[in-house]
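Several structures are given next for inspection.
Below are two complexes that have chain A in common, paired first with chain B and then with chain C.
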Partner chain A sequence: MRYFRVLMLILILFVTGCNDIEEGKRYNTVDVIVNRRVLIEDFTGQRCTNCPNATNALSFISEQFGDSNIVIVAIHSGPFAHEKASFTSNRLPLCTEEGDNQFLRWFEWNSSQPIIKINRGEELSDTAEYLSAVANAISYPTQFQLGINTTYSDNESNINVAIWAYNSTDISAKLEVWLTEDSITDYQYMPDASLDTAYVHNHIYRKSLTKELTGDDISLLAYDTTKVSYELNLEENWIIPHLSIVAFAREKSSGEVLQVIKQSISQLLTTP
Partner chain B sequence: MKNKQVHIFLCATIAFISVCADGQTSQSLNVNGSIQSDMLWPQTDEKIGAEEYDGGRTNTYAEVNLTSKYIDAGARLEYMQYPMPGFEKDFAGGGVPFAYIKGRLKNIDLTLGSFYEQFGSGFIFRTYEERSLGIDNSLVGARLAYKPITGISFKVLGGKQRNYWKLNKSWLAGADLELSLDEWINPLKKSNTYLTLGGSMILKNEEDEDIFVDATHLLNLPRNVWAYDLRIRLQTGGWNILAEYASKSQDPEANNGYIYRKGYVTMLSGSYSQKGLSVLLQAKRSDNMTFRSKRSLTNGTVSGASFTSSYINHLPAFTMEHTYTLAAHYPYATQPDGEWAYQAEIGYNFKKHSALGGEYGTKVKLALSYVNSIEKTPKTINGRTMGSDGYSSPFWAWGDEKYYQDINVQIEKRVTKSFKLNLMYMNQFYNKAVIEQEGGMIHCDIAVIEGKYRINNKFTLRAELQYLATKDDDKDWLFALMELSFLPNWMFTLSDEYNCGVTNTHYYNAYITWSLRSHRLQVGYIRTRAGYNCSGGVCRYIPACRGISLSYNYNF
Partner chain C sequence: MHRFFVLIFLSLTLFPLCLSAQKCRIIDADSVVVEDKSALTVTDYTLHELYHYPVLDANLSIENISGHAITASCVYTISRIDNGEIQICFPGTCEEAFSIGTYTKETTTILKNLEAQLLQAEWMPDTYGECIVTYQYTFIDNETSEQESITFTVTYSYSDSSAILSIHNLSCPSPANPTIIERYDALGRRITTPTKGLNIVKYSDGRVQKIINP
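Coming up: the complex of A and B.
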């Protein structure tokens, strides 16, 4: 009898501790908090069957928080951007040596893909985690501001890219400036293992404009605007209306992104 | 610097061995334990994708247990500051993650500290260690086992689960009761019939967290998730029948896309063995039964970090675990989303001096494994999957995808007093897109010949020749192995796995193994391909490696 009472007590504790949540009570409403822009580096590959799922998840996040607040860069790199998983196998069309070097800054070669980095902080493999992580990142306030101006140089095959930066305190940071391209049609393996030969790829990482791949040093005095300029040599196969400049500043010690900005080149271009 | 640390640790381990080797037993206290150290000095090999590492790598374990009449105690030291390839960076570290003290008095025993336990087949609760897969999901807390009378076994436990070098924040509590009815029903006992009823419950309590469905909605997460398991086992004569059912309450987590569908597992297993004949038939249906002590952890993708941590339960694969290299080339991993799995085996031992048995007897085994998806009809709330029930799934309905199929026949025959022959043929379907998230369906045929020849009382030679033929993936493979044993202490092994289908790459290994009483030391030079190491349906991706390997094992 004593054992039976103990068992019944345990059973009651279990049952009363666990109630099903009906459909109408599964969501809690919260306010949208946007205090900054967020950089999402998507390390992806054309052979990566799960990567289109990641792309869709990131597109959804852009819709939720606004395109201008979410800066996505798709860096085709790593084992799934090569013909075979081996580093020495041929790169697929959207993969570059620079992209692979970006990948190897953070991950071992045989890491799973897709994998994203949010503001150079969290690394996430599962799309189910993206939204919560971005919602947290986007709510952190920042005083750091960035702007971009682009002009044609004398010879219209080059573009001058000027980045201006502003902060409310003295700060030493690293500035990274990238060129990205949208609307590239090329193949992509899909989640059902089929091959989509006319997949439209966006936010493709093309190159870094800074002297070092890891970025250039930039020092700001409080409330002073600092300007840095770069030259971009246009390649023949690039379509200018599809090109954008992504610039972001990150803390030297923690590496976390302080602010990011993306501007389409064609919107910015003014005649000299 | 890093190589030096590895060397220092190796010397310390050897010193530890010497201490332990000096007289370990007294009248009331027994000391036992083990040391296991796997080391690799890797080299870069661009052709196979073996990457560069900064210094040597090691996974080293040293364990000691003290046992006496009333109290046991033990601890395990682990050193993985530079873990072996394939073990994600979360493994890096060292310390004593496992330590316990256990007291026993009459029919009660109480464990405080770290422990492993399993309820039934493990569908709702199984904590265990599998070092080659990097699994150690032990609980740290308390466990009480009580047998009040013959035929009743009761366990209750609680604690937090290990997650690499930390403990997850969630609390687990559980109870298990087994009743052996044969102890109370005399006719059963007299007829050597054993009838066992079992029931278990597990409760997970995890604090709330922000899981966004969209920018303006968070999920209302259940803080408590419970699971129960019911089972009945009947053993009589050569028959053994087990029926088991388990269910889990709403458990929205990263692995299932944060749906609120409950989880279910049903299994029926029957086997018969008598006088040289053995038959096994079993079927299992699992549906949304991933159960982890941290809801936001994910499976990851198989090619890369495998994220095998924090599982509360274990769903076994109903597929044969092959030991031959090419037969294990495409190993199956249990799909957490759900599957219908079937397994059948029949084995017969043809007696010696019979027509089919020959002079020394012949064993024949035929095995079939088949795994298919379950049917799912999606369900959403206003187009959202997160927060919905996810899908509906009729119990008997199969989905559209075959996950795995394996039909194999094995023959084991002693041809002469000195020579034994093993033959195997296997036909396999492996859905690489589902299991590895890349590629398509792979259909292959595998043939194996293994011979073992005892040259004399000291020397034995073993050789294997295997061939995998397929039009898919990297196409055909050839494997050969020669192994010379020089009793009592030495063994020399050479093997080569050659991809003759696409890459024309050799993956060769050479080992020298020395054993003396409880010591075993293996030194080798390896060049291994990237692939999966699987056990019990759980797999770990191991990248391509090349270098000098050293393994040491000591049990005392």
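Coming up: the complex of A and C.
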């Protein structure tokens, strides 16, 4: 009888002793060597209730790997950046024609959103897969280096951007230079389907300084540095301290992003 | 003493088995459970709060009652769509479909125990017509790997007899929020409990909905 009670107690402890740890609270460790910066294009929309989840997941990734190593561009585009998917001309405030062209370059119009592209390679819809994919991309070695020098003086109506590119072997590449804007307050539908009229949008794609979609050709000789320059006229609705320049080079044939760099205009402004 | 231990042992071992009988349930705005293989009809519409086009929504939510986290997935079949588009934002991503066919959502969503989420499955017509969609939601218990599915068909019907419910507020009723504040019968008399036939329900967010109780 005594043995039976002991056996029962052991069984009770066995049954009740398992402690459920919710998935979000489990610790996952990943060892990652940072060998390059990573470009993440987030194809998003203000009418897409799930898109803030992607934004939050990307913010977390940016914190994990360092803001300078992860270059996010939120491209408002596709069906959920329009009043209705069939209303292709009725763009929501943050959507641009260039953004839609970017979307249609990769996806069918009725593709689901959010969807991201990592270094112009992997396409992901599931936010749970973002972290490991970025860890993989950031550890991939590259010899390609980019430098950026943006010049802007207060009260000027244009900015000048100089890009340096360097590689240890001869290479033909494509260069794309984009303007992005942070801290834009505009509406966004949220995951609980509510409307947030004061949502703060960051990394918003505004304009391409290089040839739209195709980029500009650059040819590099081994150990030589190539410099290209661009000038951009500022539009009145852009808030200058919130602007950034994003430049990335991609391999001409495969399209794979070789290197990316970002410079914020606010770093150039004279402090009072 | 022996019986006491046996009782405790049996209750602790069998209780989780009882919980695992049902993984999830689909509920409407009044927390009425949508049974497997049921057919629903949506005739009333709301106007989108920003863009002012009609939206027909069954206002359904999914609730995890499995006792564990579950992974939800969805396959939906559009068997008729006269015009407009079906928009579906659960699980994982938002997508829109315009034509007859079977669509598998590529993404899944993990629901914690007792977590509820809106299905956000709507028809946005361009003009009068009908749309029929069969939704199949599958749930996999992340603890036991047991699987369960619920299938139901929604007929969305938009005609000149459709009634406008309100300006469409996408933040429609979920199990916790908002609540029913008033209820009337077909003759406009205030009632405290649901009655047979047509009931008009007013929610704390100002929304008004017609409900027909069998």
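Throughout what follows, the second predicted complex is superposed on the first by the 230 of 272 C-alpha atoms of A that agree within 3 Å, B and C clash if a C-alpha of one lies under 4 Å from a C-alpha of the other, contacts with A are read in each partner's own complex, and residues count from 1 in each chain.
Assume a residue touches a chain if its C-beta (ideal position, glycine included) is under 8 Å from a C-beta of that chain, and two chains touch if they have at least 3 such contacts.
Note that the structure is a prediction, hence the values are computed from the model and not measured.
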item: First (chain B), second (chain C), both or neither touched by A:86; value: both
item: Touching partner for A:108 - first (chain B), second (chain C), both, neither; value: first
item: Which superposed partner A:99 touches (first chain B, second chain C, both, neither); value: neither
item: First, second, both or neither for A:32, with chain B first and chain C second; value: first
item: Partner chain(s) touched by A:65 [first = chain B, second = chain C, both, neither]; value: first
item: Partner chain in contact with A:135 - chain B first, chain C second, else both or neither; value: first
item: Which of chain B and chain C A:195 touches, first, second, both or neither; value: second
item: Which superposed partner A:215 touches (first chain B, second chain C, both, neither); value: neither
item: Contact residues of chain A, present in both the chain B and the chain C interface; value: 11, 20, 23, 47-50, 79-80, 84-86, 110-113, 125-126, 128, 189, 192-193
item: Of chain A, residues touching chain C in the complex; value: 1, 4-5, 8-9, 11-12, 15-16, 20, 22-23, 45, 47-51, 79-80, 83-86, 90, 110-115, 125-128, 187, 189, 192-195
item: Residues of chain B touching chain A in the complex; value: 46-49, 51, 148, 154, 156, 175, 177, 201, 203, 205, 210-220, 222, 224-226, 249-250, 254, 257-258, 260, 296, 298-305, 381, 386-389, 433, 437-440, 530, 541, 543-544
item: Interfacial residue positions of chain A with respect to chain B in the complex; value: 3, 7, 10-11, 13-14, 17-21, 23, 25-32, 47-50, 60, 64-65, 79-80, 84-88, 108-113, 125-126, 128-129, 131-132, 135-136, 189, 192-193
item: Complex contacts: residues of chain C adjacent to chain A; value: 1-2, 5-6, 8-9, 12-13, 49-51, 53, 68-69, 84-85, 87, 89, 92-98, 105-108, 110, 112, 118, 120, 124, 126, 142-143, 169-172, 174
